[in-house]
């Protein structure tokens, strides 16, 4: 069986600076991959290359099909959705409209606006509010709901707990569990390593643009992880 | 009583000005670029209507059947083939490109049609009027222009709120990079938005040509009025153009009442006052973006 | 000696030879040549001034004709009404233009990009219409004549005007190079990269921009005074014509925005095109428009900018260079 996502020697540059040095990674359908690493290790860059936002070297496959170089706006219809770092909602659009925009490509599947509001019931009373007026937690929920609306095979989530109160983070991760249970393959970047390990089926630790450690969370010792994280 | 008549005329004039501003508000609101050739495109629309009416023997208003789709295509081509090439490099490329286009249109019109002033004809429509009092009547055509603007604004409002494409336009205005993650190609959106703006410009051109005579170099003056409308109404605010147009129109007719030489001047002064007091206009719509 | 120093010496030598040639023209050149050079220099000076504002300070004005016109009318008032010697009045016209420009800067500096551009134009139109409406003093649409110039013999008049035009062109160039090398220039570079960031490190952004704006307006005023000193008659339509900003924009775009050398090349190209297409102004304008569009699409840095990025040449020393060990590549991850 082919992997849902596989990366083969992926590189990326910001001008002259090389941010990724040959990342090789794969995810089978239904898996949850956690990317961990220090600031500047290349986690967000890797996410941006996968969703087509940043040009990449090497090769990226989705369902065994080479998708390297396909622009972001076409990858959504092919099954990749992204929850970008910092939420990035459309501020002048309402909550309803933000989720509707997420379903622009009309990919068929189980997710609909109703399903999103079932997942995040607290958004119901905010439906008609502009995204600009939401709290950070609500914005994060809308951002996740917006990404789900395209019924993605692969959901990329970048720093979804950043800057949120612990109780809100718990709520969001309960939703992540439900999304996993529905069978969606997830790649997530998480600053909170404990949180990342708790949901992941597979962990990749990045260090200066390279994979410094990978494995199942249960197989990784605290020491090995710390060393890989800080590059000792 | 003079003040009342002048106000009514100002409001009616405001309808035409709102039309001038509408296409510009659309491009600024969605693409955050300014089209310095906007006024010249309006005049171009008037000339094209003239050609269509002469060649096909249609009345001026009927020429819109041909003009609207043709201008839509032209706008889309212009955005996709020319303007999209310099996206993301700040505001200067769009200013230079449309500035160049402005000069090209003016002189191409001059070389093709000569500097003579032209008029569009709609028969009786241009002379018909509704008497309000014994010595004051309002023209049917100005009233019609105002109604056309209002209908367009209602239609656009519905389009932006209740259709997927309309929402995509607004989302693209908020953040052209993130919309790509939703499967929306901002370049295509921009092309469609410019097409829509050009279609509205076609309507504007015909109504302007019916109201006043026109010549190849009239564009810049129309552009200034259009800008004043969107400065007063709020840059990028679609609904603001009506109030912007009316304020500009009334300011001009009031100035005219004092001294005919103050007609345009008082409009400029009103605009500068709004800029001094509320630089984002009376009804700002677009959200500041870095 | 480094390659850059060599280039700067070549630049200085070229400048000196050109200057000597220009100053000596009244002794050997024909009246026609002299008039042609004057016309060429007006546009070069205006282009250089506009380049200074837009290319270096990021202020994209389409209202510079306001100060050309104010300068022209200031000359009329000073020489005709107040009886000053018109030649001595010239520097004063610059001061007057700058004084008029000051309040407009309060309005304009609250605006960004497109707003700034359009508002500057509205201001110019407002001034034009106000002058147009003033029939008693400034002569309304018919304008006024500079009859006081009749006190000078024609040859003398043309020679002095010529030298003044040469002087103002050189002055605007020198002033610009000097400002760009000073603290102001450093602030401008920082602002061009990041206005908010420059504000954070203590560059008084608005003060710097205002100095540039007022200097540019004053210089445009002096150019305006000189243009109409040769024309001998000032009308609002001519004095506040959009061409005083349109042609300079073309020149700068063709030559290369944000460089000192670019507008010089642009002005030469502009002048040659205009000479050849002069019989039909419409054709020449059509050509300029198309060239501007083509330049923007295919060579946005202009002729000189393209040469510069290919061969790394710089004739005028305006850049401050860091020793190599200080330069680091940007290593920013987003």
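The chains carry the letters A, B and C, assigned in the order they are written, with residues numbered from 1 in each.
Keep this in mind: contacts are C-beta pairs under 8 Å (C-beta built on N, C-alpha and C of every residue); 3 or more make two chains touch, one makes a residue touch a chain.
The structure presented is a predicted model; accordingly, all values stated were derived computationally and were not measured.
*Asks:* Would you mind checking which pair of chains has the most C-beta pairs in contact?
*Replies:* B-C
*Asks:* Using CA atom means as chain centres, which chain is nearest the centre of all the protein shown?
*Replies:* That would be B.
*Asks:* Between subunit A and subunit C, tell me the centre distance in angstrom, where each centre is the average of that chain's C-alpha atoms.
*Replies:* That pair's centroid distance is 52 Å.
*Asks:* Between subunit A and subunit B, what is the separation of their C-alpha centroids in Å?
*Replies:* Result: the chain centres lie 43 Å from each other.
*Asks:* Calculate how many whole Å lie between the centre of subunit B and the centre of subunit C, each centre taken as the average of the chain's C-alpha atoms.
*Replies:* From the centre of subunit B to the centre of subunit C is 32 Å.
*Asks:* Which part of subunit A faces subunit B closely enough to touch in the complex?
*Replies:* Residue list for subunit A touching subunit B: 51-53, 71-74, 76-77, 81-82, 84, 88, 90-93, 97-98, 100-102, 104-105, 132, 146-147, 150.
*Asks:* Write out the stretch or stretches of subunit B touching subunit A in their complex.
*Replies:* Per the stated touch rule, the residues are 164, 167-168, 170-171, 173-175, 177-186, 285-287.
*Asks:* Show which residues of subunit C lie in contact with subunit B when the two form their complex.
*Replies:* For subunit C paired with subunit B, touching residues are 54, 60, 62, 107, 110-111, 113-115, 117-119, 121-123, 125-126, 129-130, 132-133, 242, 246, 249, 253, 257, 282-283, 285-286, 288-293, 296-297, 300.
*Asks:* Which positions of subunit B touch subunit C when the two form their complex?
*Replies:* Within the complex, subunit B contacts subunit C at residues 28, 32-34, 36, 82, 85-86, 89-93, 95-97, 99-104, 106-108, 110-111, 220, 224, 227-228, 231, 235, 259, 261-262, 264-265, 268-269, 271-272, 275-276, 279.
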